[in-house]
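Chains: A, B, C and D, in written order; residue numbering restarts at 1 for each.
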């Protein structure tokens, strides 16, 4: 169903852009995990607006409160309630768009689906909804990192037509990613990306890009054939992020151009386990992790809200000119990095728990 | 969970490549729908091996039997059991690979996940598993077409490095697609693609490609925010198909290169509803269908089984040379066309039923 | 999964007895329903402690806040976040029991299941958890009453050995039920029940009882064969209420003593529909509502916490004497009335939405 | 959803009384379990009609075929398809009832819910549907018995007004239960029960009864607070069995009459664990198993089909006399014994798998 993600590690998010708060309930988190608000706040800070000149100037602190499920710094195994109050609530910024559905926003489709919609902002389709995902993902990440040794690192690999060169996925760290405001670990590319974003912003336009992600030290055996293949879960998770338009894993779309003799990953001995010489599979074979790094890409379209006059139609079909005001990101991609990591963490966490049922008693 | 797809129109598939049969149980199908085995067989025939010289020479009829849920040619609203017996069972073809996990197959990961695996063939990771999906998808399609007017057409848009030009998605028919064995509606491209496949086959190699798909006349309002956005459901469905490596919708990965002023789809009056002038959104905004055609692409890697000697390792890590025998497709992409259509039908059918709960009493 | 109830109208509750708050997220509520906090508060007030001399003297206001999903007094179709802050937090009352699991409480089983438990109070097994259910149930009830005409009324039909005579289930109202603090609509029985509770309280003991419930004007056709039969959903819902030990519907356990010729409910014409002359079926046949009143009973054991010294064992197995302090209900049954109504509402609401998928397009 | 049971060990049943076959797909069964058709047939034989003079004279063999998921006598961890062909198909027996809904059958409610129903027999509401449950339950039982040491034994504790005395639940075996055709382990009661059934049959009537069940050696910690408490899962499972009308666990309805000081189960040391001196809790506290025997009762109404003329109404509301022919059980209760055991096994199996996610990595 719509607002719940996961089978065993289940996250239910709630909250619109302009209600009292946004958050999530995390059900199925194992008991006895060390957890405090700061563990969650760290990723929320990487997601929040106002963190650099590349993002929207709206400055929201997005402080998380743990409502339940944790006592004396340990999880109880019971649902963890997470709440972030909405503070920077400026309904006036949006009132103009009441009669005119904003192009490529969700105003029109929400109105048609529900017969009603939030009076201002994006309501539930707002990027603020991702706060609940990031908060829940931070809990999953903590478990994956501390108890399974899994590392998840995402970065910006393209902004508009600026492509970063391949990175060393085996060693890449979040510190390297966060060295630039645009979250591209290649310094030269980062500079060009930032210039592209600022130039776009100055033209009152917006720009798209690509987030890449690697998950390392993932144990062999995660992923549930048939419909919950690891790549299927990741694809569904990533395409549920606002503004995402595509996903590929391993060789991805480029792999469709290859011959089997080029694409196959031969097995080789790696320590006491089997590994593969190449990794066109992206760490997944038959929908199940094979111990190699899992890497994938997520395409994001340019933000729909732009500061330019757009010729469009109002709900009645009458042609109008629309000039959105408000304050928005010229490029959502750098802030999408922790969201991609969080969704990857939620997928892996759920599959880790599902795989436990295969342990013999 | 792994072998069940959908929330209200629920499909549970079963069967390995070399057991008594494969099939599916479809639960949640509305009552009173006209249905007979021939409705299902039509799509199974487009999926089955041995249908053209481009596919594996294994000639399996894949005749479906409706076990339950239908009486006097009408669905009862109860679970529809569907069974296809396995006939062309040749275990000898595969026995060699018992000790050696085939590169880029699921032998290794299944063994590690379950501690056991089917003794021959791909077991549950075999493409035969998709029979259940296609059979179930044919039922969904019938409902969507006859009761909602929805049309779903997929086609091969690339084989290896051969790209077909853009097609007229508004008028494309399955007859046009099936005019060529490779299922590319552009005749010139089809010819080049077929040549590429046959040449690949003659080199005992395999080749990848891309299936594109359009869904027309989809009513406004399908898709469930937040995690069951229409594109998220499609992405998850498509990446669950064996050998798929990527998915994008609308502008997709190319959209990440654009500016918002280029990418936004202005609204215009279309008859008595709003439509959009362009369709970079691919028919989906905020995760909800907007009435425009939904179109997307699915990337398929080259088949893992090739007729060439491969240097790899056995389960113990010892380096070996492996020469797979058996009879396999040099290119799985043309046969993937009905599978993509079926998964799209399953997604839309489920969302059609989910949207019904929004009708006021 | 554990803390989520429902398929389409989904309620996820959170919160222990002694964390920051308890509440629920309601996902799948139809859009456009009139809703304000007072609609919810009404049932919470019937559930809260301290409402009469029959209940625990702990006086908790249990004020609900709607966090999301409602704007300008209407539901948006998005998740409704509901929060009740915990105020009367007195950890000292419980500290004694840290080493000694209280007999017939959940201390021992939670500790064994999770390896940890809330440091005081019942944690998640506390009756406070039912706040989330009642808050969510109040929303469901509003929809059922205003849009479907369904009426749900529960009452206390037995306290200990005091049985109330049969009531007129066709006309019974909540006002009649609430006329006595014990919530038994038969005045003479109510008086005897109250005396029994007070006398039990004075002996520092506790006492059990039975809640009966009727659901009227339920449309024909609700309930999903096979596993989600209406009575199965009700039974599961009722047995999930803390302290409940049994459920029966219609003729129930007494029906097992009858012959078919006595038990069968003959059909008769009732206005423009078929009804039944008798109602041993309790309004459900084949798991599906038949339009007659649905009535059932729920048995509640006596509260586990009593003010008497109990001989028991500590976690190490050492025999000890335990004297619980704290302030507790001598009888939880009157306060269980709105909880039973709420769970019935959640069941019916979910089945109403599920039945909508059967409307032809 | 309707035809699927369980979260991790998921059973989807299919089949009406008069289609090609009935069966189930079991998804989530652990790999490597020894399994053959005989393991399943044993319980099917205890369920099948025609096994004694107490049951319907219809003699159906109900031979099960394993379609998938098992190879060389071991489960593969993939979905297990199970099929039982329908053989004794006599449509003529039922044709009379087409215009007249049988009293207390599901004819009327199915017709109203779906707008269509199976042309003869009970369709999906037929007791034949339980074949899928029993087949799946036999697999669960095998796992529970062989890998967890859990024993499940059900028996008939009442037929009409004949009550059996309490049995020794610690030692009761299925052999003792099956010593009488009525499946009551107390020989004197069994004799009276059989006489009651035969006398009822001779009067062309039917009679109800109660099945009791005990689950022994269940490990501490099974059951998922809040909504999937062990007793809630059992209650939902049992009330989903055709003809069941009530469920209670431990002290049950009788417990509602007691004081806390009588009802509480004091802890005592039992070997290296804590046990309880009494077991009014029925082996469950706070929704979680505590290691003591789990015992519960299920009430069954008399079979709706009787050989007597009944005054009722047809679908149009016109008063008619109905005389059902066909061959039916005068008492379904003895055959319900393996169904109750099977549903208990499905509940415990699912909870065993769910509890595994709490093992630290």
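By definition in this document, a contact is a pair of C-beta atoms (placed from the backbone, for glycine too) under 8 Å apart; a residue touches a chain by one contact, two chains touch by 3 or more.
Computed from a prediction, not measured in an experiment: that's the story for all the values here.
Undergrad: Pick out whichever of the two, B-D or B-C, is joined by more C-beta pairs in contact.
TA: Most contacts of the two pairs: B-D.
Undergrad: Name the chain whose C-alpha centroid is most distant from the C-alpha centroid of chain D.
TA: Farthest from chain D by mean C-alpha position: A.
Undergrad: Between chain C and chain D, what distance separates the C-alpha centroids? Give it in angstrom.
TA: The computed centroid separation for chain C versus chain D comes out at 26 Å.
Undergrad: So, what's the distance in Å between the C-alpha centres of chain D and chain B?
TA: About 39 Å separates the centre of chain B from that of chain D.
Undergrad: Approximately how many whole Å separate the CA-defined centres of chain B and chain C?
TA: Centres of chain B and chain C (C-alpha means) sit 46 Å apart.
Undergrad: Provide the list of chain D residues touching at least two other chains, using ranges where the numbers run on.
TA: Those would be 1-4, 7-8, 13, 28, 31-32, 77-78, 113-115, 124, 225, 358.
Undergrad: Note which residues of chain C are touching chain D in the complex, please.
TA: Listed in rising order, the residues are 1-5, 7, 13, 101, 103-106, 108-110, 112-115, 122, 124-125, 129, 158, 160-161, 200, 205-210, 220-221, 223-229, 231-240, 242, 244-253, 255-269, 274, 276, 280-282, 284-290, 297, 299-306, 308, 310-313, 315, 317-319, 355, 358.
Undergrad: If we count contacts the way the header does, which residues on chain D are in touch with chain A in the complex?
TA: Those residues of chain D that touch chain A are 7-8, 28, 30-32, 77-78, 147-148, 225, 352-354, 356-361.
Undergrad: Which positions of chain C touch chain A when the two form their complex?
TA: 1-4, 7-8, 10, 12-16, 19-23, 25, 27-28, 31-32, 65-72, 74, 76-81, 83, 113-119, 123-124
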